[in-house]
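Below, subunit A partners subunit B and then partners subunit C, in two separate complexes.
Let's turn to the complex of A and B:
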């Protein structure tokens, strides 16, 4: 049951007036005035077009925006775009926007959305990222459909990714989560997702949802679904394009949040993932449409130079984390003149050895994760150098090859983990 | 005359025998105290060593950086070092107690001084160990942060931080055991002041451009441009 202290009396009155809903679309916002209106419109159109008979609620949990985001959500309509929609919903799509109390961050917002879903007995919950500019009405059925049809309890997104698109996901989180948990989940850091009420209710008990973090919360939910036997699914969405954000965390902070979430999940679920074997496929609903945007490309030559300097500077710290063999490999990779080569197996062993160092707490855990950051940037630079001119199919094959390297490295890491 | 000499020798012999008779039991007691003290100190040394091994003390020392420092200084492992210190403290304590039994007035003050010195020595050792812990933590935190923030020469910066903390801890420890207190404090104040002044002059005069860049970075005149075109990692 939802913790009623999460919901104010005024909000409860609004929710009771709304009654049971079939679909709840959750929007956790914080100063998203530039993009949130289009997201709300897309959600409304998606509900009207694909679920015209469904009782639906668009619920906005706002973290204290000072740019008028809640008002924009409340006032956004599909009619003011000047277009005539062929599809009209048979029921009113309710909209509620409310501030939430507690630590600011996506975790607290998600907790409120799940509490509302639990209270209104929503059949399916869809959460959208209000900062994404490429949301289309089709994303609503893609994320809610498999849940409503009883095919999945959690529907994670799948986006087409280029070599330079989201390397923290493609180079680190995806292969690590896949190898550890034994599921071929492409986007463990689910920007948007669909889930059943059962899963939403389960998540209310997650301690991470009471925290203020933002980039690790989605991973907590994905890992919890995999470890606790909820049926996972994936929805093929289009490219994920982000709008300008007024306040974006620096890379070290993002990296810290993500790695903390990954490591904490692996510690919490070790009885589940340690005995898991090869990755089982997660069913994918739909096919990927639309080419990924190439986006901004980093200066990989400068990144490679920085990698060489960073490895040399961090050598005494790396000695306490990496095995002799892996450290020799990393040092050799950093010292080799261009092009930088940091191969899949070496990277997989590097990550697992950092994970073991985190588990054993060989030093302050924050230091372990922050030491991995320069190596991650080096690996990213090496991958981008290698696939500067590769076609999408080759890049996808390289992503798959990296995942398999992580799967090969897992058994030895799991054995060492058990010994600790 | 002969009789007088014989009487003096006899008196001297009697005095000597009286002195020996008076001292011998004390010497035996002293020897016993020293021997028993050695056995107790030896037993304590091994007990401490085993407890430290059981507590994985060496691994803890490795984690906080003490192990690496001991290795560099060609000293034995931390558990061995601690057990040897315990042995010597206990045995020297018994040794001085034994000497005290002899009743030599000149040595009485030594025993009292040692009894007062031991707690200060223990506090000084704790200060040094804590200094190592803090210095190592500060070194690693500075090194990692400097690398990730792209600060030039991160090892020099982090090494300087570690050296400063160690010098501070060393000065505090020496002050605690009151070893050349005035010299230590004066030397520390001069050295610390010289380093700070040198850094200030170097940064202000030699590194004016760098200072301007850093200040511009932290306190920009105009807000930075939106980072829409920046490379995204997620």
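Let's turn to the complex of A and C:
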């Protein structure tokens, strides 16, 4: 249940005035002045257009922005909601902006959003990333609709992806979560999502939501939903474009956060995922429209170089983590940079063997995940080289092929996990 | 009766009734003026001070009397002119003013004027109506009765021309470009004013004059007609009142008040629709929006506000989304829908929920304007949507649980409209006699409500200041007139609500609840916390002692 110590008296007064809501749109912010106004407007328009009868609240939990983000959220208006002829909500769309207490980071913000959803008995909660510039009003019904219609407790996003777009998701998290948890969830690192009040209330008990971090929190919620029997769904959204002002973490930090979350979730949920078989389909609501944005292409040569260099340097460490066969494959791949080949099965076994090492704590767990990073760079570079000129359908087929490789690798890994 | 305050209509609480279905004195199944006269004590006890009667002119009754065949008489089934004059005198004895209908826009096609006009193209009355060789003129003008009419022109096979009609095809529009028509309608008005009628409710005002290339609504020439009639009325009968039916948004109704030289009053249609919308949405937005959009009136003018009347609950002035919402919430059964509206009475619209009925009446009596109570709504009467057109909300008044609900001694089959007889709203369950026997019935509650409203002029004449508490489910405002102030707080939702009101400008005042005279804590500079039960409302007289 909601931890009411989260809520200041002033916030409580605002919630008292708001009362029960049908839809709560949560915005966890930190210095998003450059992009947040358009996100709020999209949310307003989405509510007006698709849920004109709904009691709605746009709730902004701010982590101490110093660029005026809360004021922008408070004052953002749409110029088409005041006329009689245009779509406008029949009910007042409430808006609350509040700072939150606790550790800074998305986890704490999400906890506050969920606490408010719980307290106001929100029927559906939609969380948007305030740094995304491609949010449209259509995202609101896409994420909230399946929840309101009783088809899902958690609606994760689906975006069109190019080969180079979001490799941490496509090369690692998606196939791993799919194979382990047994669900075809495309975007376990949910930048935005919809969920039911029951799920929001459940998440209040998650320790991860009291921590900082960003990407790890999203994964925690996705994994928790799958493991605890909440009905998953996916919403086909358009491309996901990030604003220019995002203070992004360096790849090693993001990688560390995500791997920590993945490993911790697998530890916590092993009674669920170990016996799971082939992945069940997660229903997707809507059709993916719009081409993926190619974005900046990574420097694959540098990635491949780092891979070759680090595999050689870390060979003694890799010997304690990987099986002989896998290590041989990795070593061979690193030694043959042109063309670099790191195939799906080898990568799947690599990842699972790292997970086992993490589980067995053969060394400090942080060290395990750090050691995986250069291999991830190598695998990603190999994939990007292979698909530099592939059309979207070929890329999608390659993503699917990788997922199947992970599913094939899972049983042996699961058997070893159980023995440990 | 007509002497005294010329602004009497500002303090009016109006009771709208249909003579036809109010009380039948002679057992022919149709209400009449003698019957109505015998019920004036009831109306006086209710606390209303003005009666508005639906048309009682001779008529073929193809539009329930709004199709007039003779403007200088009353239909024999309602009695004689002597009966009418006796009623008028008895009403005035009780200080009840009487407002009658006057349909200026059109007549029945059975009116002798039209019969003459159509008889030959060169008939002197020909130009009293609007004729055309084709049905192309005024193309694009909207059709009002969408469910029954396909054109605003109808072919006259006698004179072989089309005639213009904005309503039913059997109601040809009069031609107000003809000065003889204006003069004749003044003579009609004068006739009834001389008998002592206190005011006229003018039907279908915007449509008097047509002009090519326009909507044919609210033409400048229409305002000239109104000014002409108003000037004559003021000159000959000072203190008489004109009430406009112009089913439009308040910005467009405002011109009908002119500079205080056209109508004294006009209905505020959107306010009515928004009240129903707000209580179902449990959100004050629709109401505060329309209140803010309502223009200020000349000092000698007043809005007429109402919850229900003899017509459908109009949904003409809402967005498509709002209309769909209203249909879903109030007329799920398509039979209840008529034209762009809903043909239902107050109680069934509100699912018979006493709390919501009380709240809606509380809003009606506390918002700016002179309130109108539609007959039978004070006891929570039901309707019969299967009677066709709008007749389902014009069924006989339910006076008792006996024969024909005490309305008539005629055989039930002979009644003008069948009684409501279902177990929930039927006359056996809902009637005046039963409700007079207990202090807590809707009827007695309505009597108290009207009495409290009439205990001050703050509601009838006062200004309104909307408050803006964070809780959108609560609608709060301060009415003020001279030295009096009343704080009104309404919970639009069906659940208990807490609300903090910024009453700091009223600091020092002591709120006294007006129904029970209970004292509340003195207002300070801090937010004033109130809790309200489901659909509860409070009226606080603010005292400074």
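The rule is short, and it goes like this: the second predicted complex is superposed on the first by the 412 of 420 C-alpha atoms of A that agree within 3 Å, B and C clash if a C-alpha of one lies under 4 Å from a C-alpha of the other, contacts with A are read in each partner's own complex, and residues count from 1 in each chain.
One rule holds for everything that comes next: a residue touches a chain if its C-beta (ideal position, glycine included) is under 8 Å from a C-beta of that chain, and two chains touch if they have at least 3 such contacts.
Every value quoted in this text rests on a predicted model; they were computed, and no experiment measured them.
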item	value
Touched partner set for A:77, first subunit B, second subunit C, both or neither	neither
Which superposed partner A:371 touches (first subunit B, second subunit C, both, neither)	first
Contacts of A:362 with subunit B and subunit C, given as first, second, both or neither	first
Which of subunit B and subunit C A:301 touches, first, second, both or neither	neither
Partner, of subunit C and subunit B, that touches more residues belonging to subunit A	B
Partner chain in contact with A:53 - subunit B first, subunit C second, else both or neither	second
Touched partner set for A:17, first subunit B, second subunit C, both or neither	second
Touching partner for A:164 - first (subunit B), second (subunit C), both, neither	first
Where subunit A meets both subunit C and subunit B, residue numbers	none
Residue numbers on subunit B that touch subunit A, as the complex places them	62-63, 137, 140-141, 143-150, 154-155, 226-234
Interfacial residue positions of subunit A with respect to subunit C in the complex	13-14, 16-20, 52-53, 55, 84-85, 87-88, 90-92, 94
Touching residues (chain side subunit A, partner subunit B) in the complex	164-169, 189, 215, 242-245, 248, 251-252, 254-255, 258, 295-298, 306, 310, 313-314, 316-317, 320, 361-364, 367, 370-371, 373-374
Subunit C residues touching subunit A - in the complex, by the definition given at the top	277, 281-286, 319, 321-322, 325, 469-473, 493, 495, 497-500
